[in-house]
Amino acid sequence: MTEFVAPEIDWLALAPLIVVLGAGVVGVLVEAFVPAKARRVTQIVLTLAALAGGFAFIAVLWPQIVAQPVQVVGGSVTLTPFALGTQGIIAVLAFLGVLVVADRTATGQDAFAPAASAVPGTSYEDLARRSGLEQTEIYPLLLFAAGGMMLFASTDDLIVMFIALEVLSLPLYVLCATARRRRLLSQEAAAKYFLLGAFASALFIFGVALIYGFAGTVRLLEIATAMQQGGLPLDGMSGLLVAGVLLVTVGLLFKVGAVPFHAWTPDVYTGAPTPITGFMAACTKAAAVAALVEVLYRVSIGVQAVDPEIMRQLQVVIVVVAVLTMAVGTVVGSVQSDVKRLLAYSSIAHAGFLLVGIAGFSSQVQSSTLFYLLSYGIATIGAFAVVTLVRERRVTPGSGEHNGPVEDDGVVLGEATEIAQWAGLGRKAPWLTAAFALFLLSMAGIPLTAGFIAKFGAFTGATSGGLWWLAVLGVLASVVAVAFYLRLLVVMVFQPAPITPGVEPARDDSPRVETGAVSTGSTSAGSATATMTKVQVTAAQRVEVTVVRSRGPAALAIAVCAIATVILGVFPSLVLDLAQEASKFVP
Amino acid sequence: MDITNYVVLAAALFAIGATTVLLRRNAIVVFMGVELMLNATNLAFVTFARLHGDLTGQVLAFFVMVVAAAEVVVGLAIIVTIFRTRRSASVDDVNLLKG
Amino acid sequence: MNDVIGLAPWLIGFPLIGAAILLLGGKATDRWGHWLGVLASAASGVVGFILMFRMIGTPAEERSIDHHLWTWLSAGGLDVDLGIRLDPLSLTFVMLVTFVGTLIHVYSVAYMDHDPHRRRFFAYLNLFVAAMLTLVLADSYLLLFVGWEGVGLASYLLIGFWDTGRPSARENAVAAKKAFVMNRIGDMGLIAAMALMFSAVGSVRFADVLPAVAGDGTGPASALISTGTATAIGLCLLLAACGKSAQFPLQAWLGDAMAGPTPVSALIHAATMVTAGVYLMVRSGPILEAAPTAQLVVVIVGAVTLLFGAVVGTAKDDIKKALAASTMSQIGYMMLAAGLGPAGYAFAIFHLLTHGFFKAGLFLGAGSVMHAMSDQTDMRRFGGLSRFLPITWITMGLGWLAILGIPPFSGFWSKDGIIEAAFIPVEGQPWRAWVFGTVAVLGAAITAFYMTRLFFMTFGGRRPRWTEGQHPHEGSPLMWWPLVFLGVGSAALGAVLGIGGTFTTWLEPVVGQAEHHEPVLPVPVIITVTLVVVVLGALLAFRMYAVQLVPEEAPRGSVLTRAARRDLYQDAANETLVVLPAHGVARLVQVGDRDVVDRGWGVLPQAVSWFGAVFRKAQSGYVRSYAAGMAGGVLVIAAVAWLVVGLGGAQ
Amino acid sequence: MFPWLTALIAWPLVGAAVVGLGSLGRSRTGSASAGVGLARPLALLFSLVEVVLLVGAFAAFDTGAAAEHQLAATYPWIPQIGASYAVGVDGVGLLLVALAVVLVPLVLLAAWQEQGRDEVRLRRFVGLVLLLEAFMVAVFCARDVFLFYVLFEAMLIPAYFLIGGFGQGAGRRQAAVKFLMFSLGGGLIMLAAVIALYFLAVGAGVDPSRAFLVDELVGVDLGATAERLMFVGFFIAFAIKAPMVPVHSWLPDVAGNASPGTSTLLICVLDKVGTFGMLTLCLPLFPEASRWAAPFVIALAVISVLYGAIMAIMQTDLLRLVGWTSVSHFGFIILGIFTFTPLGTAGSSFMMLNHGLATGALFLVAGFLVSRHPEKSQRITDYRGLRSVTPVLAGTFLVAGLATLSLPGLATFVSEIMVLIGAFGGAPAGSAAWTVAAIPGVVLAAVYVLLTYQKIFTGAPAEGLEDLPDLKARERFVAAPLVAGLLVLGLVPGLALTYVDAPAEQSAALTAVDEPADAAAQMGSDK
């Protein structure tokens, strides 16, 4: 009998992934064994610790990987500086995102349903709430998603990439469905995300199959080398390769949220619980873009050798998509009236700008992409964190006076996401407004914020790739983008708070108006409003906009994001150095 | 028998699956369409595995199946939840979010 | 000479300081401010005297001195000193300005006695004197331009002196604005002229430009000014002169300028400022001589204005406006002379000088009449004033004889010189002598008519036509002493300077030696003819306005009379020819800016949101349509990629 | 030696931080009373110390070498993209820095009671003003294209908040947005050009880590087409700032809706970046393209001159009118720059300073006038006969107005005449003709100034305005320095010309096809 030879595995290289994913598994056990009281705290601590730990390992690995990229477990995991940088960015962003998720705000309620499986407005749900249930499973789910993202960017084995894709997607599908308020929207978002996601991954995997058929392997690097040397079994049928690469690219572009594969983005971002939206928008985009970059460049290596024609076709694809994405993102974004939706379209637009940078296929793109992902992610998480704090509150004019306090008066409801409702925010909460304005300016790419350096990098990438006209298009698109960020800014800072309630119950066609299940005449404070997708106000009551105090984590996240945005804008060279170290990804 | 037949068959199945996704209203059926696409992929994998004479393709097929199973779990959960709230499994009924 | 040259800056300095003190001093200086003003003007007069006597003492060829104060601006090849040019010409003006100016200051002390803002008035007067002296003493066109606009400002301020608190306040303000704007129109010419000079010679100093034209190459630029450039410069300068001296076609403002206090009209709009144009022409003599065309235009402008003013003068019933018209016409004479070359320059300046005296006298007289008649200006409401205002009557009488050109009064010596010069033939253009000579004589006749009319409508007539409640009486000595001085000047100055051509020789260093030409008619003939027509004109007026009764309401009069009353429709003409079209253009621009430019930019955001609304529909909310979009997208993109590259490959 | 420029840039930032940041926290608790009344004195103190620093900078500046960029300092900032922190001023830059530094305290003083009593609001206002000051000073010192661009854009943000948040007009928000959209639109187009410039420079062998330094870029051959494209990119941005017809539309709205103080900083200083950029970036970096575009630019400039003046005449709103006059004046400045004569360029440089003083005075005095009206009306026709009511105000307004119509004896005259005389002999085709076409601008100027004066200050006082107070001491302190400056520079322009002459010679030499004087002579003899 032959004796078992243990494989050579560089555990340190895998450490970040193992820590995060392992913590996820532990989190599941925590659900099982830790008593309900302590569960939430445990989960939060565990999650943050895991992400921090993962980042620590990345930091440790950094010099070694920069010196010499490694392939672990037979190449399933390929750690290039670029991949590691992506992992680091994802870890950081996820950390910030979790902070926002963990914040219960002054209302004592976090953004998640006590029992996501319960039908909105049923007595069972009330029961669940009153017994103080909490779905702490979200934390392990977040960890799995984060782990999947980290893996997504750091492999060149398409199957591993596919699995990573699912590992990061499936938890997100679930998380989308767990909003405490506006449950129907939340569930709808989940459904749409899931169906389209599944469709996209089917396309992806079929593309993988075709590539496999062409090359006999699913390792991009091997394919590249093989093609350079020639002598592949189906050398003639490069059509297989083209179709395969196209499908794989589409699968990735879907995650990136690029037109015409963007349709899910606005709906899902709007419906999902806002902290999750922030997490998704920042981290998923980072992972997907990184993966896209790796795939495209590795493919391009081989293709260049065999058939420059295909190479040009690939570039044209990216260019077309980039232009479409910028156009749709900015133009449609400029007519939105809902903050979350506006941010969703802005994320589409940013996908466009990122693609502009990538389309150059030039050497320095990786560094500029990494920087872009970081600065964009920071601004996004910060912005959505702010959104979680701007809420509607029901007030009864006569309450507290002679007729005594009216029942469930002053209850804080869901987020006030109508742009009109944000009027006068500058007076209500100057710091918060200042921070949000900063994030908007960063997204708009105003100098002295991170966004400017990022955008500069992207356009530089395109120009250095010879696509200066694409850079000009990008410039024009960002003018439009500026216009709609500005609209929000004007409302927040300059417009006085409306005397009449921001939301009048009359707008029945609005997406947030609930169709069927609305529990009425409920008992305890807050309960009645908990699951309604739209506040129902009796004639006596009206809804006004208030800013709830964060219990700390979210505020911390916002502060960190704001400071980082400024620092990356004024003294970017520190980070740019790292980004440049990360700019060789082919071992 | 020529390999292209297999490939064409796989492609056809894939196309049928895609069409199902595009045309059918019932969420379950739509999801079955996705499953069909995945299985078409499996066929392709296995075919190419035979072509290349290595087992990778067949292993990959298993991976795909596992992933498909996982998707089913999550997907059905979501669909069922929606069905319970709305008493309808038609994907055309979930369009509160638009614009 | 050089020992006293240091005094020269004080010519400008004294009045300038005076103005500054009075303006900044505020109410504190109300009590004695007017005397300070007089003092400042007188002081610079004294300095002027000293300088002139010293200059008379120096030999003719050394009589042109450029006194450099400090480098005013020096950049990009343009070097302009703040420098003073002392020569007979500028000193003549200094004397005129300071002497007449001081007299008018004194006169104003009494005239403005009851005005609460008398201090401000004197501040402005001093400012004017300073600016006027800057104008005449400047050694470069740029510095001249400073004074040029300075006097414009002073005249603006003084015409509009009563621009609040009076029923006619708005009219005064409008008149002031009109004067300034029309002056600016002229100033464009001066700016353009300087631009031409700089681009041709690289300098705007008299010392560089004029020799460059003369062609002796003493200028810094070897490139001499070509005839073409000279003509352009000459015409530009003429434009400037027309604006400042109310010459046709920029004469419209002078009549309205009479809205200012009478001393102002006397000093600025009769004696000094309005003659600056003539000074400019004479100063730029070499340029004109190099450009015969420009010269001819100058002469024509002069001739036209001469007749224009005279005709207008015959119909005016407002005493000040009549005098203003006459001023216009007299300056027409000077222009005409200035256009005749060296032969004319001396007489132009000479007439300018005498005119300064007798016209100032006439205006101050008119002022004292108005003062006596409680600011009545309608001559049809005067009459028979000789008994009540003897001094005014006599002094104005002297001025009247002077302007008529009756020997030996001063007007005769200067004006007759001009008429003779006008008759001097120009080779190649024999018609010129006849045409312009005749015009000059004709002008003299009309002048005689309207001045006599004015004189007798005011002082003559058996029956006063006053509005009730009038008790005319002479003003304070402060008012009639200046009249006396000016009267004497009007009577004697001409003879003093004219006999033996003293004045002509005095100016020779500047205007150059005029080689003697014979007029087309013998001189005695010219003189006799002129005198005859003058007397005839005077007699006609005497018969109409002294012998016959003057109706208190103006008769409808002939077409010409009505036209003349309305300044020969100059305002109407400007309105239709300039103002209306300009306003139309302005409206056009305004509408264009609002509806084309501004709205044009507005289209961009509208377009964006329109597209936004359209694309938004694609976001239908139906999963299946999203999926369809994806599937379709794959195919489309594939197709595009294939096509683009395919076509690219085809090329 | 002491880093004067860096100090000049940093000090207002400190001030903004000290004064401004407090405001955010406070109004959260709503207690506006905290630290009552400190904001304005504190800000004024900071701005005055800044003036002292300015004096130091002038002392350290060697006028003998005004054409070189002195007080220079260069540190790597973002070496990865070749951006450095490089500051340094030639004479022109120094004068504009001076303009900014001098105007800020005056504006603060003028706005002393403009923004009401709310301390928090005041803190924000003065904080933004100081922030804006820092950016403006910095942009005039920047010697690195990237740095210049960053500041060029960053400047807009405080300006935007000042217009939209502290304006007087009802349309201030729209005005703020319009301002920002125009500026950013131009700016982003410029960004594309900046990036392209970087690559071409690197391609031409410039050290990539210093490839944004102006001194490195001057004289690099970029290729005709590219050079022209980049020139257009830069020029559009500068023309919008300048503002130049037809991209001026934002200006009147801003002037009519922003507070006079803001308008002063905006139009008198911030907009100078446009012309300053043309002079110090477009010409040296793209001399060939500048020559190529000059005839077109000159035409536009002259059109601006007349267009702005005509629009000013047609205005009914006092502050909008002042805004339009600036369109006209900027036309003159651009005309002087793009005719490439030393005289014209020097005149333009000098005019940038003078326009700041004159228009600043006009804006502020107009503001004083408006603030006196019971309804704060800006309609010219709501005023009449005020000369007898408020003589000092009337006098100051008249002087400011006369400066605007560039009356001799005032600094504006010197610069305008320099521009006109110089531009006439310019090398580009049609210089002479266009210059002559611009001369009527001086007449139109007389019309709009005197017409306004006549309507507001002459005639019988309008009812309700018979007892308006005359200028208070504070307001006289604001007006006096400006008027004095205009007078002194008018009589002794040498004080300023020593700073602008040498740079003008240099830039004219950069763009001159042949010896300007000869060109001038030709133009002349063609006449």
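We call the chains A, B, C and D, going by the order they appear; numbering starts again at 1 in every chain.
To be clear about the criterion, a contact is a pair of C-beta atoms (placed from the backbone, for glycine too) under 8 Å apart; a residue touches a chain by one contact, two chains touch by 3 or more.
As the structure is a computational prediction, the values presented were derived from the model and not from experiment.
Engineer: For the pairs A-B and A-C, output the one whose chains share more C-beta pairs in contact.
Structural biologist: By the number of C-beta pairs in contact, the winner is A-B.
Engineer: Nearest chain to the global Cα centroid?
Structural biologist: So the chain sitting closest to the middle is D.
Engineer: Between subunit A and subunit B, what distance separates the C-alpha centroids? Give it in angstrom.
Structural biologist: About 25 Å, centre to centre.
Engineer: Counting in whole Å, what is the centre-to-centre distance of subunit B and subunit D, each centre being its mean C-alpha position?
Structural biologist: Whole-Å distance between the two chain centres: 65.
Engineer: Please tell me the distance, in whole Å, between the geometric centres of subunit A and subunit C computed from their C-alpha atoms.
Structural biologist: 78
Engineer: Just how far, in Å, is the C-alpha centre of subunit C from the one of subunit B?
Structural biologist: Measuring from centre to centre gives 96 Å for this pair.
Engineer: Any chance you could list the residues of subunit B touching two or more other chains?
Structural biologist: Expected reply: 18, 21, 30, 91, 94-99.
Engineer: Which subunit D residues sit where two or more other chains touch them?
Structural biologist: Residue numbers touching two or more other chains: 181.
Engineer: Spell out, as numbers or ranges, the residues of subunit C touching 2 or more other chains.
Structural biologist: 605, 616, 619, 621, 623, 627 - these are the residues of subunit C that touch more than one other chain.
Engineer: Considering every pair of chains, which are in touch?
Structural biologist: A-B, A-C, A-D, B-C, C-D
Engineer: So in the complex, which bits of subunit C are touching subunit B?
Structural biologist: 616, 619-624, 627-628, 631
Engineer: Which subunit C residues qualify as touching subunit D in the complex?
Structural biologist: 70-78, 142, 145-150, 153, 156, 160, 163-165, 169-170, 172-174, 176-177, 180-181, 184-185, 187-188, 191-192, 194-196, 198-200, 202, 204, 221, 223, 225-226, 228-229, 232, 585-587, 589-590, 593, 597-598, 600-601, 605
Engineer: Show which residues of subunit B lie in contact with subunit C when the two form their complex.
Structural biologist: Checking each residue of subunit B against subunit C gives 18, 21-23, 25, 30, 91-92, 94-99.
Engineer: Which subunit B residues qualify as touching subunit A in the complex?
Structural biologist: Where subunit B meets subunit A, its residues are 7, 10, 14, 17-18, 21, 27, 30-31, 34, 37-38, 40-41, 44-45, 47-48, 51-52, 54, 56-57, 60, 63-64, 67, 70-71, 74-75, 77-79, 81-82, 84-86, 91, 94-99.
Engineer: Mind pulling up the subunit D residues that touch subunit A in the complex?
Structural biologist: 23-25, 27-28, 76-81, 149-151, 153-154, 156-157, 161, 164-165, 172-173, 176-177, 180-181, 184-185, 188-189, 191-192, 195-196, 198-199
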